[in-house]
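Sharing a structure with you now.
We call the chains A, B, C and D, going by the order they appear; numbering starts again at 1 in every chain.
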Amino acid sequence: MSVREAAEAATSERKHALAQLKEMLRIRRFEEKAAELYSLGKIRGFLHLYIGEEAVAVGAMPALSEDDRIVATYRDHGHALARGLPPGALMAEMFGKASGCSRGRGGSMHFFDSSRRFYGGYAIVGGGLPIAVGLALADALQGKASITACFFGDGAVVEGEFHESMNLAALWKLPLLFLYENNLYAMGTGIERSQAQLDMELRARGYGVPAQAVDGMDVVAVEEATRRGAEAVRSGGGPQLVEFKTYRFRAHSMADPDLYRSKDEIEQWKLRDPIVFFEARLREKRLLDDASLAEVEAEVAAELDAAVAFAEAAPWEPLEDLERDVYTPAR
Amino acid sequence: MTTDEIRDTVLRMLGEIAPEADLGEIEPDVDFREQLDLDSMDFLNFVIAVDEELGIGIPESDYPRVATLESFVAYLAERMGAPGVEAG
Amino acid sequence: MITTYREAVRAALREALESDPRVFLMGEDVGRYGGAFAVSLGLLEEFGPERVRDTPLSESAFVGAGIGAALAGLRPIVEVMTINFSLLALDQVVNNAAALRYMSGGQFSVPLVVRMATGGGRQLAAQHAHSLEVWYAHVPGIKAVAPATVADARGMLLSALKDPDPVFVFEHATLYPLEGELEENGLPLGRAAVRRGGTDVSLVTYGGSLWKTIDAADQLAGEGVDAEVIDLRSLRPLDLETILQSLAKTHRVVVVDEGWRTGSLAGEVGMQISEQGFDLLDWPPQRVCSVEVPMPYAKHLEDAALPSAERIAAVVREMLA
Amino acid sequence: MAEFVMPALGADMSAGTLLGWRKRPGDTVARGDIIADVHTDKADVEVEVFTSGVVEKLLVGPGEKVPVGTPLAVILEDGKAAPVLPPSVAVEAAHILASPSAKALAAELGVDLASVRGSGPKGRIQRRDVEQAAKAAGPPPAPPAPAPRPAPAPVEPEGAEAAMRRAIAAAMARSKREIPHFYLSETIDLSRTMGWLAQENLARPVQDRLLHGVLLLKAVALGLREVPELNATWQGEEVVPSDAIHLGVAIFLRGGGLVAPALHDADGQTLNELMRSFRDLVSRARAGRLRSSEMTDPTITVTSLGERGTESVSPIIFPPQVAIIGFGRLVERPWVSEGQILPCPLVTATLAADHRVTDGHRAAAFLTAVSRLLQEPEGL
């Protein structure tokens, strides 16, 4: 590799790394602001924060193209931001405003964006899996190159819909990337108390689906594993599964007293905070210093303030539109 | 069939064509189509009813001879009373 | 052209598969087996395994997959063998198919058609004789239709395929061998049809109950009672206007519905009549529904549980006594 | 006027249920007669009356449970004139049970529900009870003509005819406002037509006899094949031509009122078929049993005032149609035919058309086509 190429590689690697760091910080600050606004009563209903799992969304998303289709879960803020949904639209959605990414109809658990092929969050655990199978089936039938990536958690893997979807996708060799976010707890039930078999790679082999597990706190590892999985799916070999071992630093939701796990377990995991972990790595490789970090933080803060202002100013949906969009208007 | 029986039959059939009409009020020697506001369709249905019940087919040329209740009854009596004698 | 209800559905499936490459059929045993009710017989050979897809017994997955494929631009026809098995997919129906358009603020439509056989009358006992169309007709965001004639078996399926929102087509299991004319009636999907004119009482029904209702009307005709028979065709939306037009003539209405009486579609029809047709009523709206028991196996018991021409005629006689 | 009340049949009895009446309004009763059966918690009791006279009115129906002391019936005591019951007393005396539709009809026909005896369950008043009461109150009934066949369709209740009148008024007003009418008329010599018809009817059994009206209908239908623009409807801002020819036929209902239901595909029917469907349409229209499609499908309307109408009629278009043709009365007039003046049977056809859709030139072409078709009756 020539010097020039090496230089270029270095700058592009630096740019990519800083972009990854910024993405994770965008999510972290967004979630912290959401928690604050929830306590102020601006955001209501259920709110499930992504703090601690940022590396999964930020690592996985670059492996997926614009044409690929994304299905997420009710803990969808991180996936939506990483996929490019504007924070203002997400904040407005949580405020219940008409300018929200789902017109105020979905709320935190149901972010949608058809232009970015973001097929939403699903509040029924595992409910999005069959949808993802269908999206992949459509692409397969139309001979399209795009693949579908479906995020789901350790709660979903013990739902019937997970079994049926894995079997159907494998049976029909569909272009579906199963992205298993194992954060060890399904609400208040740890995986040892809900799964008879913890080794997902073994379970996946039962369906003939190649699987790999990777440290979900390491954004670089997540990106590499997701790219491998995505390429394998694109090659037409049928579905793949990638398991990200990760952890959420906050309770299941704002209403959860978080009594089912010990404080020091949380502290142990916090030592491997994906942002702190990545920052340290970048500093080591001289890709990051205090100045550039401060600059990133400032950009993130500015964007977040603008998002909150946008949500505050956004209009409510007029009551006359209450029954709009139940059915598609006849053209 | 006596002329009275013929008149009753004719009145009954008229009652079916014009259910809301007041049959008791019909002037015997005035065109009943006018009195009962019967149009050509009603009159045709009436002629068909006569043909079905009494077996007498009234040719269109005889329509003028059956315009009033009396002339209708007389016409029928003649056609029935003297079989074989062709009506005029 | 005289044909059977089953062949009429197959004709619609074939026309759809031929005319629109986006259309494909998916469901349990629709391919090699030819369909549990032989509706899709021969379609696998004609259109191939890609577009006539046998599925594993995973109702939630393949109904959900139907929704996903529709979201991605295809026009899937999902056959759930019977309404009894569809209970396993109700999460996908209610939480996804019906809600996605509204929940996404109008960004997505789900142009999906789901067909399923329904109803009892074949001694299959409690788990295989359900008539739960009302559960689907209860949910905003989807449409529910019940073709009762050969013409509608074809026509309504083709109309359903043109609909940008999910349409659930309920085919009463006893109707498949029914013979009839395959003519076009051009009725929009949501419109009811007056199958028999009458002036003394309005008999409102749908799906498999239509023919026993017509039998009842014929029985009553022999007793000088002129019954009008209205085939709802669509359970959601409900064509109340046609019912009220009839009620304005007859002032008496009986709703015949194979569902259990409590919480039945007949209950909903009766309530809408009471709300908007109150002044037309000369007698309280009546219902003839299934007796509220898990459907018994023994024939004499099942016949007693299901609505019948005799039970319908009896109610009418009482109303006109 | 004495009231017969729910008797106290035992110390602890608070209410009783009327099982049934033994007497009807108009029956005479003597003191001590059994007038009703009442159910109490203890037993079913035959109840006697304490005043002699004539039963005026029953206030409570069988099956109703009422407290002790509630007036059950009104008795006109012997030797007393029947004063008119102060309405308040009558109404308070018993809650009047009547179906909603019966109440509505009673209001329309001006029948006082308090004076009507209900034939429904628990004595509930039904429509037929109100209808009978109205008839009873009406002019002395005509001698009942023996009617072996089932009673003909009941007379359109007043309400429905008023509703029809309102609907026609609205449509005609809208038509005048929105449609720029222009009129053309043509006098047609029907000598050859009526001659052909007379011959045709001689050879036919009475049941298949044709009316000249049917020839007019067929001529109009075939004429529309030559000038299709008139066979269309105006929808939104544009004319929508119809490839099917459904002739709306104006039918005058007995006792007033007008409907113009469709004869479907009139151009495709033979004269026999057209005559049969025309007769069926008229009888069903008058029996109030038209199908909804017949009301919505006409693509043009044909009207004629019949034998006692005027010589010509300038009709108003039925929206959303774009034309209507009216035939006047058949009249015998001197007419130049092949250079000679002869008495000929003439009919005046007047076409009203929508100037947004067509013009005089095409309308004239249509009328001449109809005239030509009528004068070659074999071709109809």
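In the analysis below, contacts are C-beta pairs under 8 Å (C-beta built on N, C-alpha and C of every residue); 3 or more make two chains touch, one makes a residue touch a chain.
What you see is a predicted model; the values in this text were computed from it and never measured.
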Touch-network distance, subunit A to subunit B, counted in steps: 3
Mutual neighbours - chains that touch subunit C and subunit D alike: none
Pair sharing more residue contacts (C-beta pairs) when A-C is set against B-D: A-C
Centre-most chain, if every chain is reduced to its averaged C-alpha atoms: C
Subunit A and subunit D, separation of their C-alpha mean positions in angstrom: 69
CA centroid of subunit B to CA centroid of subunit C, Å: 54
Inter-chain centre distance, subunit A versus subunit C - centres from mean C-alpha coordinates, in Å: 41
Where subunit B and subunit D are represented by their mean Cα positions, the distance between them in whole Å: 26
Residues of subunit C touching at least two other chains: none
Contact graph of the chains (line, ring, star, complete, other): line
Contacting chain pairs - touch in the sense defined above: A-C, B-D, C-D
Subunit B - residues contacting subunit D, complex: 8, 11-12, 15-16, 18-20, 22-24, 33-34, 37, 39-41, 44-45, 47-48, 51-52, 57-61
For the subunit D and subunit B complex, residues of the former touching the latter: 142-143, 145-147, 149, 152-153, 155, 198, 201-202, 205-207, 209, 211-213, 252, 254-255, 278-279, 282-283, 306-308
Interfacial residue positions of subunit C with respect to subunit D in the complex: 194, 197, 199, 224, 242, 245, 249, 251, 278-283
Subunit A - residues contacting subunit C, complex: 69, 100-106, 110, 112-114, 119-120, 122-124, 127, 129-139, 141-142, 148, 160-161, 163-165, 167-168, 171-172, 324-328
Touch list for subunit C against partner subunit A, complex: 24, 50-51, 53, 55-56, 58, 60-74, 76, 91-92, 95-96, 100-109, 140-141, 143, 164-165
